[in-house]
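Chain IDs A, B, C, D, E and F follow the sequence of writing; residue 1 opens each chain.
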Amino acid sequence: MINEVRIEEDVKRWIAEDISFWDITTSLIPKSKAEAKIFSKQEGIIAGLRIAEKIFEMMGADFKPLVEEGERVAKKAQIASIKGDIHALLQAERLALNILGRLSGIATHTAMMIEVAKETNPEIRICGTRKTVPGLSIYDKYAIVVGGGDTHRFNLSDMILLKENHLQKFRSISDAISVAKSKTSFSKKIEVEVQNEEQAIEAVTAGVDIVMFDNFSPIQVKHTISKIKKLELNVLVELSGNINLDNINHYSIEGVNLISSGALTHSVKNFDLTMLTE
Amino acid sequence: MINEVRIEEDVKRWIAEDISFWDITTSLIPKSKAEAKIFSKQEGIIAGLRIAEKIFEMMGADFKPLVEEGERVAKKAQIASIKGDIHALLQAERLALNILGRLSGIATHTAMMIEVAKETNPEIRICGTRKTVPGLSIYDKYAIVVGGGDTHRFNLSDMILLKENHLQKFRSISDAISVAKSKTSFSKKIEVEVQNEEQAIEAVTAGVDIVMFDNFSPIQVKHTISKIKKLELNVLVELSGNINLDNINHYSIEGVNLISSGALTHSVKNFDLTMLTE
Amino acid sequence: MINEVRIEEDVKRWIAEDISFWDITTSLIPKSKAEAKIFSKQEGIIAGLRIAEKIFEMMGADFKPLVEEGERVAKKAQIASIKGDIHALLQAERLALNILGRLSGIATHTAMMIEVAKETNPEIRICGTRKTVPGLSIYDKYAIVVGGGDTHRFNLSDMILLKENHLQKFRSISDAISVAKSKTSFSKKIEVEVQNEEQAIEAVTAGVDIVMFDNFSPIQVKHTISKIKKLELNVLVELSGNINLDNINHYSIEGVNLISSGALTHSVKNFDLTMLTE
Amino acid sequence: MINEVRIEEDVKRWIAEDISFWDITTSLIPKSKAEAKIFSKQEGIIAGLRIAEKIFEMMGADFKPLVEEGERVAKKAQIASIKGDIHALLQAERLALNILGRLSGIATHTAMMIEVAKETNPEIRICGTRKTVPGLSIYDKYAIVVGGGDTHRFNLSDMILLKENHLQKFRSISDAISVAKSKTSFSKKIEVEVQNEEQAIEAVTAGVDIVMFDNFSPIQVKHTISKIKKLELNVLVELSGNINLDNINHYSIEGVNLISSGALTHSVKNFDLTMLTE
Amino acid sequence: MINEVRIEEDVKRWIAEDISFWDITTSLIPKSKAEAKIFSKQEGIIAGLRIAEKIFEMMGADFKPLVEEGERVAKKAQIASIKGDIHALLQAERLALNILGRLSGIATHTAMMIEVAKETNPEIRICGTRKTVPGLSIYDKYAIVVGGGDTHRFNLSDMILLKENHLQKFRSISDAISVAKSKTSFSKKIEVEVQNEEQAIEAVTAGVDIVMFDNFSPIQVKHTISKIKKLELNVLVELSGNINLDNINHYSIEGVNLISSGALTHSVKNFDLTMLTE
Amino acid sequence: MINEVRIEEDVKRWIAEDISFWDITTSLIPKSKAEAKIFSKQEGIIAGLRIAEKIFEMMGADFKPLVEEGERVAKKAQIASIKGDIHALLQAERLALNILGRLSGIATHTAMMIEVAKETNPEIRICGTRKTVPGLSIYDKYAIVVGGGDTHRFNLSDMILLKENHLQKFRSISDAISVAKSKTSFSKKIEVEVQNEEQAIEAVTAGVDIVMFDNFSPIQVKHTISKIKKLELNVLVELSGNINLDNINHYSIEGVNLISSGALTHSVKNFDLTMLTE
């Protein structure tokens, strides 16, 4: 799904980072054909197979995935089988597991949040943020999609998101939205972050595409949504601010369209995987 | 500490990733001088100030750290003050917090593990592994050092580490070590991963620099160390395999020199920071 | 406005392209301080001053613009004054004029189309397309903005645009839109290209953000818009297909929101500029 | 003809520019084999087939040209047939047509100028200038060659070209030429730009390889050439300065060897092409 | 042995350096299949076959080595046979011979030094230094290994080497070593350069891994080694300072483990090779 | 003289090569201001000061050359004085001396060959070849110029040089030259390599710019030149093939314009320099 040219360039950089000169340990053993298997050591969603494949491919080995991208696997499931020279296998192993582990970790965590959130609001979308790891943001966003989530904007060129720091430079929220509409390409959506109900109503009335409630309590959320509905305007409601797996059930309220969570990418628990060589 | 040329290249790539074209939101507001402050939202160790500084610097803003690299800060402590155009401040904010948050998270976690481990063994060193995030491994390793830990080898070119998959290609562990000594530069250390006491003794006898006990129980560790000590050879003992903050007290045993933990870098909890603009 | 890091990387590549080794002609003359002036040789809109400045800056010269970015200048107007070593001036000259000439040419042509189009529909927006020059698309898009136009989507990651080739893979236009809505991030707009009135109505009814009439005659445009208006849905209408300065007055019809024109960037007439050295 | 390594690097950069993350529209449809055909929508010379091929190739599709590079095609001629996954075809389409269109536009325009110019002087060569698009200058030059023209020097490292700004730093034109001869590699030619007949004679007498008449009228050209011929020296005469398709017949005079025209590359009219997918 | 990704990136850069645009001479001849052979014009050790192969491979030709990497060949031996288009062969020829010639030159010179040195001390290792050619240091180090030598540290991140300039910043050599041990990763060795016997004994006593005698006379070497031996500590002795093929027999003394020589890489005599095309 | 952008990119790559992560030795000492001096340890010509300056500059130190580029210095002459942090000085030292040493070595050797050659033919030019070190060819060529020599063509895009392998693809040498003249840009010179007098005369008669005598004996050279002179054509004569400092006096014959020598760059003896830190 991610542009192949981009994957190739990144994989090259990662390999060069992990092998400055040559692998001084593997150089001690002769080249010979070998096989390896990657197994899950936990239950969850697998993401990043194409990237792992590229890593082995660039080392000269043949990687065959045994599960689908995005598939939920049990603990001890075989994820892939790999054939190639023992040098290729040993040199690709750690790097491939590092990226597979991170992306599967993100996908699995996303799926868990979605599962909980949909119990109280089946229409909810769980979204990422820009709190990604520098250099990996495309991959982090991609893993959210594999887990069933929504990328949110990729970066600062991708959507208008007027936050408090921007808004204070305008006369009013309506003024900011009006300027945004006239100065921005029609191809971009406009979102505004609001701090209270009054601001929310002003933003929606001014015709914003998405309104983000920043750190609203569940009660404030409900109340503000009921007010907004009366405006009968086409707008999405996003909640943001320390919403996580523990408290998301309180926020996944009818009328909320989107919940974004920085923890999906800024505090990832790696998915546990292992590679066994035969 | 990290090579400045490398930091600059990486920061450029990260900025280009976060601003494909231009920041369409900030473009809506006029340029004007502004000030910002970065605050901690938790207690811990700060790491990555020079990198954050570079990000603001490349955007044209002036970043002044108010704490030392590696300093332990309280919650709500001011970390830095920044001056520059409001555009620069808003465009650098997320990226700078992403890297500062990750590196401080790693440093803080490292320091916590060290604190616990030193209670039972004041000589212990806590080490990283190659389970880093692709593209960020130098930074991840650096944060471990800031937190008081040991980088371990940076990559496959950095030290001989004979693991099971390598060893099975030799007649014996001693044979492997003998080959490694003759074929590898004198400038490199040699470490061997062993699965049991017998292997440990064979490796130490063969003159390895470091012996890594893979998944030994605390009792096995103690027993094996007592045997090794009798050999009166100059060797370091490393423990590896799912040792974490919860169980490290059981492993930080007298005679153990090093404990390595993949979780330090593969499952980072970001340090919580915020930037306030005035 | 364009990300400075990106400008710097591109300017470096352009300089390396124009000076493989060293400038063998300028090397013949001694270094000495000199001044130069850039003049327009035609009337129009200036775009790209920051980029020209960067080129001179990287050569070590000081570039001072005398007009605003986007300003309309008369023939023979002085655009900039430059001070620096004669070597820097002569080496930057052609490259700076090449980019200034292209971007000002695009901005000027955009402004001309807008002027004509607004006579019949003051609300119209003139947009670019992806028919840009490879490697320069960000700059080409930027110049359209300077000329008063709209970038349209920057690239394939920027907005959903379902064209005929995509639509034929779905059961119906409504089906395509429904899939797009469920599978795409909320942060992205959805546009559909239609070939006739019936398709237009289907797309608008299905809730598309923008509907593009492909090669409609002015009469078809009017008729279809009248039908769409009755649906009372929030949608933008874009016209596309060989609309240019000669015929745009026929297409700039009330109710049309956007007209896109590939010629803005694929067949640019350079703005005529000259640099005089003293 | 262009170095393949260079083409590959450029194509990668162009693809990354056009697909920042992934193609969000094409991602909506399943992968399936498809075929496409590229047709001309005008008469002219085709240039850039190898580059278009590379673009499709890097996307994983198979591009088969049906005309020769440099072949003159009629309107509605089929230029190429392409097979591959529908994703590859749709993602490569615009980029391939952008470069094919530009290069064929340059080649076609070059051929037109040559045709007219040769009517009055069959020995004439039509040359490009350094007024190319930044980043594309090699391709622009190449297209001129395909159209039957002469690249002229590629860049500032490629030939000595003493212009007015250089000459005023020497005591005289002869002095400049003498310095150039002694300080420059024997492998480089020396050209001097002159403003009048007197300067032309001085330059030729001093042993320059090429003399460029800057903005001479046809009468001045003839007169000066007759004077130069009497010197019986081995020199080429180049004309430069706003010579275009409309007036070239007045300048393509016997004795003129070269006419250079910036418009060949600075104000390109794209060749009109279309891709149809089956 | 060298990371393939790194080789590929470097070869691309070298090709781009040698063919800025296109090979203007070879472009004059038609494409046709051809064969070529590479012959030695001197006796010695061949190094760099994989890199030469990559160069031909990237040009589209098939390179088949006829000797092993590191094999000693006679004068006029055939080294490789190559098949491919005549364009590929002629464009790769010079570049391939340049790198093969340099690396084989280094390997051959290394082997000569080893041969002489082992006559007086069969246990000696001959090492490189950081006096390599910028941009080629990995290749230079690799060629030393092929010749039977030792890379020594690759770069400043690779081993602690405390030289005089570092030592003078500490209270004493022992202090420096103590600081190094506590602040550096366990995975790194520590070497100290000493100027006299007293310093040597201090360093060894402080537990350094390697002690480098800087410009010691053979008599000083012998004397100091006899003193060190009495300490019965595990340390390697390295000699450094203008030791070359002419005088190495005087320095290859029992008890010396390593002799390093900058001349191996800073003043290389290219191995003489030729390519004949049929 | 070399394009600054190119120097900066190369220096960055070299620094990254020499400091993969950070300088683990220098990190042990505190930052403090220091001064250093670079001295020659031999007599000769200095080349590469600007590049050494850039290396120190990028490390943050201030490099002040005390001699001119191309100046002949005595043994023990001070070449430069440097001020900056001790970290910067120690990290730049080796890299700066490596490039200064190589370039000064080339310049010195070139000057020596010129000195000898001019004794017998004061008009002779000594030229380089393409036998440079991959990645450094621009620098190697530049050093030849500093030493008083001629770069010869930089690369395969720079001049037509028809060698035996090319010529055998044509009906005759005259045919080859005729094709070259018609197919190559007027801006390029044409050189032909010949094996005997007959070929030399054919080439000169056909109007080549330079004729290269390949491995002619001094007697053949004289004889062939006397024949060529009678043709009264404007041509340069180049000698090539194992001409070096020992035998150049035999080849530097009246009528020879150019002697090229691969040894100038393929077998460089580094100029001996040292840096002393205070």
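Simple rule for what comes next: a residue touches a chain if its C-beta (ideal position, glycine included) is under 8 Å from a C-beta of that chain, and two chains touch if they have at least 3 such contacts.
As the structure is a computational prediction, the values presented were derived from the model and not from experiment.
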Chain hops separating chain D from chain A, counting only touching neighbours: 1
Target chain E, source chain A, minimum contact steps: 1
Chain D against chain C, contact positions shared by both copies (same if over half, else different): same
Listed chain pair C-D, E-F or D-E that repeats interface A-D [over half of contact pairs the same by residue number]: D-E
Mean-CA-position distance for chain B and chain A (Å): 24
Whole-Å gap separating chain A and chain C, where each centre is the average of the chain's CA atoms: 31
Chain B-chain C separation of Cα centroids, rounded to whole Å: 46
Set of chain F residues in contact with two or more other chains: 19-23, 27, 138, 154, 157-159, 185, 188
Interchain contacts, given as pairs of chains that touch: A-B, A-C, A-D, A-E, B-C, B-E, B-F, C-D, C-F, D-E, D-F, E-F
For the chain F and chain C complex, residues of the former touching the latter: 1-6, 9, 138, 141-142, 154
Contact set on chain B toward chain C in their complex: 12, 15-16, 19-23, 27, 58-60
Touching residues on chain A, where the partner in the complex is chain B: 10, 13-14, 17-30, 32, 86, 90-91, 94-95, 97-99, 101-102, 105, 130-138, 154-163, 165-166, 169-170, 176, 179-180, 183-185, 188, 262, 266-270, 277
Residues of chain D that touch chain F when the two form their complex: 125, 127, 150-154, 157-159, 185-189, 191, 210, 234, 236, 257-258
